[in-house]
């Protein structure tokens, strides 16, 4: 069974806003970084799934709960794992912590539909199925 | 009672990704545009609430459901309204439609905590309370 | 002869950084808004040139000089015009001013190569040539 | 004498646009990553210069020449060095290459004015002066 996959992200100046903290939409960009790292860690490149197999993971739901603000230059430890895996949909969950002191910054979730290049829903190609096993919580 | 406030957003090239559609995190940027327009329409500028009264609306939850893709140059009709209003928190709901044919693109929700400049939770200053009445659905 | 085309942009919260001003890369996003408005004003949609004629304006040079900071909620008056127009390249110039007091915020320039969908340089389709006349300064 | 400082950036999906390549404004975000890494490599954190000494490097000029497109998931090798160093201004130069085959993607330059928190030009604090020596080309 797949473990949670860990990514590291360094907060960019561009990601902050005038509150002096990371702008809320940017956490969704980090989740995308986590998903791509998840794929690499699982054994394939998301880029190749799009390019060679014409299978895209389009986002149909996204949510984030913000617990503590991330700030410029913080290193973020991002965990990504699969919490739902069906023939046409995959759900990822995320946890973001400040690496320096392990403080929980945010949790998130995204639901994806497998699509072809025209945006039509398709079944996840068989060869990718085993890359998305469920991960037990905890 | 406040009505839903309407904003118009034209999709920028920068907001698309290589799927040829708007990148999912950008819908949250549009929701922010909607919130700011909501304030203007309600009778004050969000900028002034931050600047003059030191009251900031920090995001604590955000979610979006994606129904149909938005594409470059589409005009988006964005509706913003208040669905929860307490002394320290405000919840906004959003609906995004393609202006040309009224197709529903996405719905969203954000929950905000009122904070001071140091990020400490405070009560919404009294003078702003009446600007955030509940809106009935429908 | 084409005049300078005017666009209006309202500064988004997402466009600010922790300096409390607009992050420098975002001025290039506004220039893109200006280019698209230029096309509309000239008599065609940039979207259609890409979609129907497979002619894309890829950026090969971009620069910006920053004179005064733009801030959240400022309305920006953006002027866009053509300063070079060849069979395979087009150069745009930009001027950004704060609408409230006409203070000059920034000037910029972008050089574009006409490309097909594979990124190969092509000649600007004949039917678009007259849309990009030179504009005299001043 | 300081050498060129090397950073690695992995292209994010969010950084692409519907041309299927990286949107041009994002190269300026990478330059910012390079500047921050330059500071770390030189012996201090840019964050601390802002926070503890109230000295900010505001961008006054920025330019980029694009040679070859960067694509999703490419690893970018970014080189950053100082090409001008005065009491109130610092100029950085950048070179971006695709790590896989060393192909030159872009070169860039940014000029910065040292400012205090209110945006007033100041002299670079003495203790930071030696961190910004000129780098010979080559």
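Just so it is clear, A, B, C and D label the chains in written order, and each chain counts residues from 1 on its own.
Everything below uses one rule, namely that a contact is a pair of C-beta atoms (placed from the backbone, for glycine too) under 8 Å apart; a residue touches a chain by one contact, two chains touch by 3 or more.
Source: prediction; values computed, not measured.
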Most widely separated chain from chain D, with each centre as the mean of CA atoms: B
Pair of chains joined by more contacts [C-beta pairs], C-D or B-C: C-D
Euclidean distance of C-alpha centroids - chain A vs chain C, Å: 33
Where chain B and chain C are represented by their mean Cα positions, the distance between them in whole Å: 27
Approximate Å spacing (C-alpha centroids) for the pair chain C, chain D: 24
Contacts with 2+ other chains: residues of chain C: 13-14, 19, 21, 25, 29, 32, 72
In the complex, chain B residues that touch chain A: 19, 21, 24-26, 28-29, 32, 56, 58-66, 69, 110, 119
Interfacial residue positions of chain C with respect to chain A in the complex: 13-14, 16-21, 23, 25, 72
Of chain B, residues touching chain C in the complex: 10, 12-14, 29, 32-33, 36, 45-47, 72-73
